[in-house]
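Chain naming follows the written order as A, B, C, D, E and F, and within any one chain the residues start at number 1.
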Amino acid sequence: MEQHINKAKVLIEAIPYIQSFRGKTVVVKYGGSAMVDSKIKEMMMQDIALFKLIGVNIVLVHGGGPFINKMLDRMSIEPKFIEGLRVTDSDTMEVVEMVLSGKINKEIVNDIQKLGLKATGISGKDGMTLRAEKLMKNGLDLGYVGSIVDVDTGLIDSLLDSGQIPVVAPVGRDSEGNTYNINADYAAVSIAAALKAQKLVFVTDVRGVMEDVENPDSLISLMSVAQAKDKIEEGIISGGMIPKVECCIDAVESGVETVHIIDGRVEHSMLLEIFTQDGIGTMFK
Amino acid sequence: MEQHINKAKVLIEAIPYIQSFRGKTVVVKYGGSAMVDSKIKEMMMQDIALFKLIGVNIVLVHGGGPFINKMLDRMSIEPKFIEGLRVTDSDTMEVVEMVLSGKINKEIVNDIQKLGLKATGISGKDGMTLRAEKLMKNGLDLGYVGSIVDVDTGLIDSLLDSGQIPVVAPVGRDSEGNTYNINADYAAVSIAAALKAQKLVFVTDVRGVMEDVENPDSLISLMSVAQAKDKIEEGIISGGMIPKVECCIDAVESGVETVHIIDGRVEHSMLLEIFTQDGIGTMFK
Amino acid sequence: MEQHINKAKVLIEAIPYIQSFRGKTVVVKYGGSAMVDSKIKEMMMQDIALFKLIGVNIVLVHGGGPFINKMLDRMSIEPKFIEGLRVTDSDTMEVVEMVLSGKINKEIVNDIQKLGLKATGISGKDGMTLRAEKLMKNGLDLGYVGSIVDVDTGLIDSLLDSGQIPVVAPVGRDSEGNTYNINADYAAVSIAAALKAQKLVFVTDVRGVMEDVENPDSLISLMSVAQAKDKIEEGIISGGMIPKVECCIDAVESGVETVHIIDGRVEHSMLLEIFTQDGIGTMFK
Amino acid sequence: MEQHINKAKVLIEAIPYIQSFRGKTVVVKYGGSAMVDSKIKEMMMQDIALFKLIGVNIVLVHGGGPFINKMLDRMSIEPKFIEGLRVTDSDTMEVVEMVLSGKINKEIVNDIQKLGLKATGISGKDGMTLRAEKLMKNGLDLGYVGSIVDVDTGLIDSLLDSGQIPVVAPVGRDSEGNTYNINADYAAVSIAAALKAQKLVFVTDVRGVMEDVENPDSLISLMSVAQAKDKIEEGIISGGMIPKVECCIDAVESGVETVHIIDGRVEHSMLLEIFTQDGIGTMFK
Amino acid sequence: MEQHINKAKVLIEAIPYIQSFRGKTVVVKYGGSAMVDSKIKEMMMQDIALFKLIGVNIVLVHGGGPFINKMLDRMSIEPKFIEGLRVTDSDTMEVVEMVLSGKINKEIVNDIQKLGLKATGISGKDGMTLRAEKLMKNGLDLGYVGSIVDVDTGLIDSLLDSGQIPVVAPVGRDSEGNTYNINADYAAVSIAAALKAQKLVFVTDVRGVMEDVENPDSLISLMSVAQAKDKIEEGIISGGMIPKVECCIDAVESGVETVHIIDGRVEHSMLLEIFTQDGIGTMFK
Amino acid sequence: MEQHINKAKVLIEAIPYIQSFRGKTVVVKYGGSAMVDSKIKEMMMQDIALFKLIGVNIVLVHGGGPFINKMLDRMSIEPKFIEGLRVTDSDTMEVVEMVLSGKINKEIVNDIQKLGLKATGISGKDGMTLRAEKLMKNGLDLGYVGSIVDVDTGLIDSLLDSGQIPVVAPVGRDSEGNTYNINADYAAVSIAAALKAQKLVFVTDVRGVMEDVENPDSLISLMSVAQAKDKIEEGIISGGMIPKVECCIDAVESGVETVHIIDGRVEHSMLLEIFTQDGIGTMFK
């Protein structure tokens, strides 16, 4: 009985958090270890289910993780390069799309639905959700890699209205019908901005932004956009963390209230970030 | 962190319960110790808030507890009797109504609203919710004691639709506008039946129905209506427990799916009854 | 037949008035003799019923009249004073609330419902309708006397939408859940302003504003806010009439189109004021 | 003042009538003297306006009165006959339609709108409201005289929904697009039945059904369908009254709750019939 | 089969046109030969039916064509003149209204309904759609000739919402209930502007605006408002074409996107103008 | 001009067909040559676009055609057999799903969207649309081949409501989350039945049911279910045609009004079947 009462108290503690998130929109960029480790994956899905059940409008955007390269290997598609940059030719794009929209996307849908909630997997091509154009980098044509020109939220809105959890594969189309692979982080930012989301959560394989990467106690829980820019300037944020943090800055500047980098390797990381005072990762606002 | 993760797991365990109660209607007859002990009262309100937040249409029906007699004493209104039965004359009825609709009802509203949710206190007279008639007992006129003839759920429905928690004082009116005091247990049964509620919960000062009142291990967790009738016949259910159990039988026979007797003295008794496998009281179905 | 035809003509004369009030919102501050004399009270309720039936969104705000003091006496609660000002301590507040929300409020509901229309009695605590704070007068703490900080019209709107006549007791709460007694005139002004009402009617025990209180023919039928301010300045409006007229000025300045002071002692005073060319009281605009 | 109060009392007396008719549908067959005498006409329009304003869904069906023959004369169209029965050839039908749909219909609309309410004049051809077929009498082809096969209430319903008073000219069409003149009494019965109207009122030039036509005191205020049939059988109802009463019987048997024959020559006859205990004409039920 | 496939290809070619007009509002001023020649009339109705079926909100405004004079003749009403200008006295107005609202209007309704679609014929008096005032020309009172003061689109909107094709006779009323004959071209412009129509089409007896009236190859397919004004100035647009083009200019300046003058004598002229690249008449924008 | 007018006439001929299909639901099983030949494919998409634009609720169900085997080959997945029947092991299923949901499904979506209409590609797993179970054939476990237990049309309905064309890959899930390959014809039948579709169209590589397969003039345009059963019995329908016809029978018996087998190799075959008197294939009813 004692134990049951303690559990009840945990639920009661959640009341203020539930109250503040009901009816809000949260976009989750789901990727990294949290997509691979099946135990962690299940917990992530549970967190998502719980948010949905307490009335959060939750939208998932996923990447392709290691699956795409595995499939390209298996189909003996040789990677091509121009001046050192990888090129996505049409053969590669076909495989990328099949893996993203036909495998990973539907697996996530399935994992959510195992918990009894309804999910619908779409790609950015469906309902003309993501309008893209070829991304030129230093004047080089890298093939079917695209950047987002416009987000049409009509389909996502109607899925949310009918109680579904939309799961979005980062694939877009241009007005002539060409298909593009889109960076999942950028897709998440664009979608969150278009939906006027309250929160955007990046599920990653790092703990968040560290003052000193060597010092595990130096996690920065909360950062303003100005601080984030300073820390990039100062070199405290560096390497692969820079584009991630730039996405966070971009999202906040596009009107998303708070953006979070969390460690997908931690059990129930989503819940802990959002339902505890300090969270477990870094929050940008 | 460990502790936080454990708390997250408790929330996750709640998912199937939340799923099965979203959109359902639960009527709670609130009375006894749970109305008096301020710590227990707060927990009861927390349970109610949680149910509301996860999408349960919750309706409270309350009694008058010890407050009515205290007020009658204070105002020196002498109790009257006919052949041993107490009579509610118009002076008494005036006080009863003031205490029920003006004091207890508004206190409960206030207690819920302290948690940030909106509640509206009504009496059965408002919106012609409870149509009553004079209750005759053995041919004796006991004054303004009424039984329910009809429930108009229009007002309660519109309060639920606009996100309020309706709190109902057990006072009714007849078609000529006379005011009647109504037994709160009966009022709760009638309202639950009229709302086609999934659950009706009686918050009481006993643990539930016991096979042997002397033996604390003999609690009966689940009973059918047939079993309940048998146990009354056999004398296992006796004394003050009989009318309570008869209310439970009545509610189930009127279409309420499950009816619960729980011990309001236990912390978070509502939550424990509904969110655990066996519950903590007696469930009738 | 002749007589019937004349009656028909009276109904027909009402057409332009009905046309101009359908769909409009009228707030009535109901108090004074019109609450005590049972014949006058019945006529007032008839007027209100008629307005409701022809499509006016009518909202009643009532005071406590002589009932509160009678009850305080009967319960031997001694009035307390600070520097000559009466203090509402918690014992007093408890009685005030019981009388307002549990007695007068429900009586008015009952009186309206006798005419076959549905009414719902709420206090300003219900649905967090009236958010109040402690009113400090000359730096003195007068106890649980409050002023209105904010009106949440959600509950009143949903009652109007579902065809109910809302009857409001002037009791509010602060964000910590303390209960306050609120001047009914002020409550009516705040509610009318928040509802963007077309009309606010004060039912009083005077005929209206008189040019000369001694001269019964000197009633002023129509006044602008500027004129009202001048007449206070000039001393023509004086004594107990000043706060009443200040309420009218306040309401007009808050956006209420017209504000009326009428004499509740006159039969069908509401109807006469609103359905005749000149009215019977004083109209401010 | 006295006089004003008396007027107020008349309005108050109307409360129960207003309550019982709000939201109900009343079809009025408007014809006879009430269409010609301009003072009587104005009063009829006032009655209709009042019913609309208190929430009655009112629908007018009108006939052509003396205007049609006047116009046929003026245009020198010779009446044709087959075996003594008048034939409506296409030339005649053209004039009939112009007068009904283009003159009388729009005049009634105008008369109602003078009172500030919106009306829309349609013929039974509009929105395919009245589907007709050629009426054969004793095997004779009388030209464009039709009987109603089906009523499509879609257009009338949408006019009522948008607050208009529909005014219907008794002209129908068959499925090939031929236009037919339809007896206005029959059209009113069909429309009332299709709308599931509560009341159908025939405005006529007689007082109602008399026990003895010579005796002005012998008006029958209320008749059952069975009684009506008996009185036709017995010859008490005779001559031109028979088809009128048969329409009443037909309407009641088609589900209209009450059908009334009233004397359009009496001022405010509609109001008197519906808003007084006994009415002024004959009611069938 | 070959032939069927070719027909299918024609339908497919229509796709982009259908896409661009779905949900748009098109007002058609229908008059001239297209109202008289029965074969041409049928094709015009087919065009209108097709537009309705593919989701265009189509509204017809018609004139009186030769029918009015014919009827005035037949009824021996002598035309009256003041200083050479024709006067519409009340006798004339009565006939004008009967012909417009009772004959032509209902014939068009009938013609559309023969194709299986629902139409409703109204005059500008119905639902107070066209509020007019007496039109004074050079200080002369020409009787019941009116200009439009205000358009209330409520009735037309509700007819469109319920799937009807509104057919409007150009008759208006002033606030005292006087009836006025209104120039149908002006009525169409006012209605198109009030409805914020995308297109206004004038069905006429000319091919459009010609650079040189003698040269059949000189049709101007597209004109800006500025160009139109220049061409009037330069005398290229002259005679009876001037008021027509001024209507087009007026409509474009009132917010109608494109205005068309088409030749109603050409088969399916509406369809050809709107569903071909260059159209067949003159488009103003 | 002549040519344009002829085209207009073709559109006009379509009016009765458009009228009879607006608001109806048509399910198309899309497969065979019509999926491979790019010119034919484009025409099929045009037909679908046209149906959508004229107000048909169109739903596509597609198969995998030759693409699946090509991909299995390319990935060197060896086909497995049990007693001569092919087994779908989990490796195969993974590829099947990727090709169906990630390649073909999204290509169809893209092809439709090139015409400017919005489409959304889902698999039967999304929104729990197709609940399946393992299909046992003669007691043999063929792996992840499933039959449909239940169709939840919620997602398809909400896509239709928001103007999307749903494109469904025939993949289902059981309640434990296992994924199954489902015969596309069966999926189409189940979906059409669940949607209460008016029409189900099978796009195939045959002309329809032939009385004599050798005689190209012996196509049967219309068959009752009884006739179809007879012709199977008699051996006139034989071989691969039997399961196809059984699907048609099944659909009609499940409430689909008409079921069509059409030849996808014919240009605009959908349009020809539905918009011509006799159609081009075989219709079952």
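The definition used in the following text is that a residue touches a chain if its C-beta (ideal position, glycine included) is under 8 Å from a C-beta of that chain, and two chains touch if they have at least 3 such contacts.
It should be emphasised that the depicted structure is a prediction, and the values quoted were computed from it without experimental measurement.
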| field | Set of chains adjacent to chain A and to chain C | value | B
| query | Out of curiosity, which chains are bumping into both chain C and chain F? | reply | none
| request: Check the residue numbers that chain A and chain F use where they touch, and answer same if over half are used by both copies, otherwise different. | output: same
| note | Outermost chain relative to chain D, judged by CA means, is A
| said: Taking the mean of the CA coordinates per chain, how far is chain A from chain D in Å? | reply: 69
| task | Would you kindly tell me how far, in whole Å, the mean C-alpha position of chain F lies from that of chain E? | result | 46
| note | Per the C-alpha means, the centres of chain B and chain F lie apart by a whole-Å value of 56
| task | Give the residues of chain E that touch two or more other chains, as numbers and ranges in rising order. | result | none
| query | Think of each chain as a node with edges to the chains it touches; is that a line, ring, star, complete or other? | reply | ring
| field | Ordered ring members, chain E first, chain F second | value | E, F, A, B, C, D
| field | Contact footprint of chain F on chain E as seen in their complex | value | 1, 4-5, 7-16, 18-19, 22, 43, 46-47, 49-50, 53-55, 115-117, 266-268, 271-272, 275-276, 280
| remark: Per the touch rule, the chain B residues reaching chain C in their complex are 74-75, 94, 97-103, 105-106, 109-111, 113-114, 118-123, 125-128, 154-155, 158-159, 161-164, 171, 173, 176-177, 179
